[in-house]
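Following this message is one structure expressed as C-alpha cells.
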Amino acid sequence: MTALIETIALSKTFTLHGRGGLQLPVFSGIDLSVQAGECLALTGHSGSGKSSLLRCLYGNYGASSGDVRIRHLGDWVSLSSAAPREVFDVRRRTLGYVSQFLRVIPRVSTLDIVADPLRRLGVSAEEARAQAAQWLKRLNLHEHLWHLPPATFSGGEQQRVNIAHGMITAPPVLLLDEPTASLDADNRRVVVDLIHAARAQGSAVVGIFHDDEVREAVATRCFDVEQHRQPI
Amino acid sequence: MKPSVLLSARQVGKAFVHQGQPRWACRDVSFDLYPGEVLAVVGESGSGKSTLLRLLAARLACDEGSVHYDVRAESENESAGLVDLAELSEARLRWLARTDWGFVEQHARDGLRMNVSGGANVGERLMALGARHYGNLRSEAVSWMQRVELDTGRIDDLPATYSGGMQQRLQIARNLVTHPRLVFMDEPTTGLDVSVQARLLDLLRELVDELQLAAVVVTHDLAVARLLAQRMLVMKDGCVVEQGLTDRVLDDPQHPYTQLLVSSVLTP
Amino acid sequence: MMDQHYNFAFLDERTKKRIRRALLKAVAVPGYQVPFGSREMPFAYGWGTGGVQITASIIGLSDVLKVIDQGADDTTNAVNIRRFFARTTGVTTTEKTREATLIQTRHRIPEVPLTAAQILVYQVPMPEPMSRLEPSRRETIKMHALSEYGLMHVRLYEDIAQLGAISRAYDYPVMVNERYLMSPSPIPKFDNPKMHMNPALQLFGAGREKRLYAIPPYTAVRSLDFEDHPFEVQRWDHACALCGATESYLDEMIVDDAGSRLFVCSDSDYCEERRDTGHVGTQQAVTLHDALATPADVITPSQQEAA
C-alpha cells in the first residue's frame, strides 16, 4: 500500500492586510497520509477549514507552514517548493480536483470543458470528446446541453460538469469538495459508484461530503479538521 | 528530455534620471520562463510592467541585471544555449524579433503597417526572410487569417478599414506567421469592447495552447491573467511584490498590495 | 573654346578630389549610397546638379562628352549642360553614342550597347529606393546596413494584390551585386536589363540629396520580382515611324485632336543612325482606333534575348 498524498505539520492562517493585519487561523499541525484505494473524508462544521485544507492539498492555497507532498511519477513532489510548471504537471497527470463551485473558462462548450483534461494529456480531440460524452451520459446530462457553455446551467448540472471534468483522467489522487451537494438521489448514487470505481483503480481520494449517506458509502476513514483549529 | 529555460530574467532593472536622481522604473526582477509557459505581469499604472516588457524584448537596455534567451543556432533547431541579449548585435536582435519572437502591441496601429493590405501585413515577415512566391505568400496569409477568424475576403483591404478587434487579430496573425516560440503582449485586449475582448481572449488562449507558445502578457486586468496565464508576477512601484501560480496568487494572495488588487476587482 | 574665368569644369580641384574619393568608395561598394559634399551649382536643384558634379569631377581634356535628356540630345536641358561643359572645359562634345567616352543622361540608357571605354553618368532625383515606403532616413540606412529589404517586397506584393501586376514602369528597384537595393533613377524599366553586366562604368549622382553611388563594370544587377510574377519589359506593337526600329524604347506623341499618335524612338541618336544607314519607318501616325486595337505586348528579358 503506497501513500500517494501526505501533509507534514500543515498549517494555514490568513492574514488580512486590509484589516490591519488581522490574523485568521484556520488549522495547524495537520499530518495526513492517504494511501492508494483509500477515501479520506474531511469532517467538521461549516467554516472549520475543510475546503481550505482541500485547496492546500491542490496547491491553490499556499501553506503557512508545513508541507504538502504528492507522489508524482514515482517521486515525491512538494507543492510548497515546486516550480509552477511542476505543479502544473502534477495537476495535469496526478492530481484531480472537483471544486465546490464551477469556475471554468467562459464561452467553451460543456463537452470541450470536460474533454480538456484529456487533451492536455495528448489525447486526440475526437477521442477526448467521445470519452467526455460517455461521462456526461453517465452523469445524466442531456445531450442537448453538451454544446452549450455551462454558465447558464443549474447548480446540479454545473456540479456534474465539474465532476466529469475532475475525474475523466482517472487521476491517482482525487480531491472532491462537496461533490453531491446539489444532486438528486439518482445522481448521488452515480457519483458514489464513480468514487468506488476510482478507489478500485488505485486512486487515493480525499473528500468533503456534506451528505451523511454518501460519506458512509464512500469513506474508508474520517479526519476531523475542527480538532486542528488552534494555532501553535 | 528535460526542457530548458527559454527566457531568463536576472535581477533586471531600469532607471530613468529625474531631476538628477535615478528613479527605478523597474528593479530586481528575476524569473525563468519555460517553453509553453504563459506569465502574466500584473500591476496598475506606474507599476513598471510595461518597462519590464520592453526590457525583456530588448527594446530597452537594462541598467542592472540581464535578460537571457535560448537562441536557436542558425542550423536547424539546435540550441545555442542561453545568450545575454545585451551581447547580441543589433542585426541579430532584429532578426530574432522578426522570427522567433512576437510582440503584440496594445494599439494595433503600432504593430501593423497601416498603409498596406491585411495580406501584405501577414506576409511581410515571410518576405523579409526571403519568400519570393506571390501565390504561396497569399495562401499563407489566407490560412493565417482563417486561423485568427478574420474574413479572408478582406485580405486586400487596408487595416484602417478594419474594426479594432479585427486589427488586433491581424496583428496576432502577423506575429505568428514565423512560428515564434515566445510572444510578448502588451495589454492585448485593453481598449476593445467587452464582447470583442472576450472573443480575442478565447482566440489567444486557443492559439497559445495549440502552438505551445510561451508568452509574457502585461495586463492590469486580473481576469485576463487568470484566463491566459499559468504564472503571475504582481508589480508595484517597479518591484515584484508577489509571484507564483496564477490561481494561488489570485485565490490566496499574501502581499498586502495583491490582496488590495484582488479585492478591488468588480464582479458583475 | 574654354572660358578662362572658371576653373576647368567649373568646380575647384579640391572639390573634384573629394567627389572622386566618394566615387571610389561607391565603386568599391556597388549600389551603396555614399554621401558627398554637394556644391552650389549655377542652376537649381532638380536640373541635374548631381550628375553634373560627377561629370565635372572626372572629365578630362581627352574626353568626348555626350549629354542626353530622355534620350534626346536636343532638348533644352541636354543642350544647356553640354554647352556648360563645352564652355568650362573646351572638351569635344558629340551627339553620337559610339563616339562618346563620357555620357551624362537624364532618365534613359542609350540603345547602343556601351563599351569598357565609356562611362555613363545618371542624374538622380531621389537616391533612396524605399523613400516612399519609409520616410525616415535613419531607418532606411539601417535597413540597407542589415540587408532588411522585406519592405520593398511588401510594396511589390501590394501592387500585385491591388492592381494584378507590379505597377512600377520607371525607377524600378534593383538588387546590385545581390547586396544593395538601389534606385536606378527614373529610367523606364525597359532599360533595367541594360545595367546588368555592362562593360561601362555607371555612376549615379543626386545633387539635392547629396549622395552618389556606382555600378562597376560587369556587375550583377537584378530587377526585383516574384517567382510567379517575373520582371517584364515593355514592348510596343508598333515600330518607330521614322526609322522602323522594333527593339528600341518608343516615345508616343499625340499629333492631332483626333488622338492620332506617332511612335518615335526616344533615343534620337539611335534613330538618326538607323536612318543614315537606310532604315525607314512608315512615316505615319497611327490613328487612335488602331492604337487601341493592338494591345502592347509584354515579354520577359529572356524571351527578348531568345528573339
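Chains: A, B and C, in written order; residue numbering restarts at 1 for each.
The rule is simple: a contact is a pair of C-beta atoms (placed from the backbone, for glycine too) under 8 Å apart; a residue touches a chain by one contact, two chains touch by 3 or more.
All figures in this text were calculated on a predicted structure; none of them were measured in a lab.
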item: Chains contacting each of chain A and chain C, listed by label; value: B
item: Maximum inter-chain contact count - chain pair; value: B-C
item: Per-chain Cα centre nearest the global Cα centre, belonging to chain; value: B
item: Intercentroid distance (Cα basis), chain C paired with chain A, Å; value: 78
item: Between chain B and chain C, centroid-to-centroid distance (C-alpha), Å; value: 47
item: Between chain B and chain A, distance of the C-alpha-averaged centres to the nearest whole Å; value: 33
item: Residues of chain B whose C-beta touches two or more other chains; value: none
item: Per-residue multi-chain contacts in chain C, two or more chains; value: none
item: Chain A residues touching chain B - in the complex, by the definition given at the top; value: 15-18, 55, 59-62, 84-85, 87-88, 105-108
item: Chain B-touching residues of chain C, taken from the complex the two chains share; value: 142, 145-146, 148-151, 153-155, 157-158, 160-162, 225-229
item: Chain C partner contacts - residues on chain B that touch it in the complex; value: 90-91, 94, 113, 116-117, 119-120, 123-125, 127-129, 132-135, 137-138, 155-156
item: For the chain B and chain A complex, residues of the former touching the latter; value: 34, 37, 198-199, 202, 205, 227, 230-231, 244-245, 247-248, 251-252, 254-256, 259-260, 263
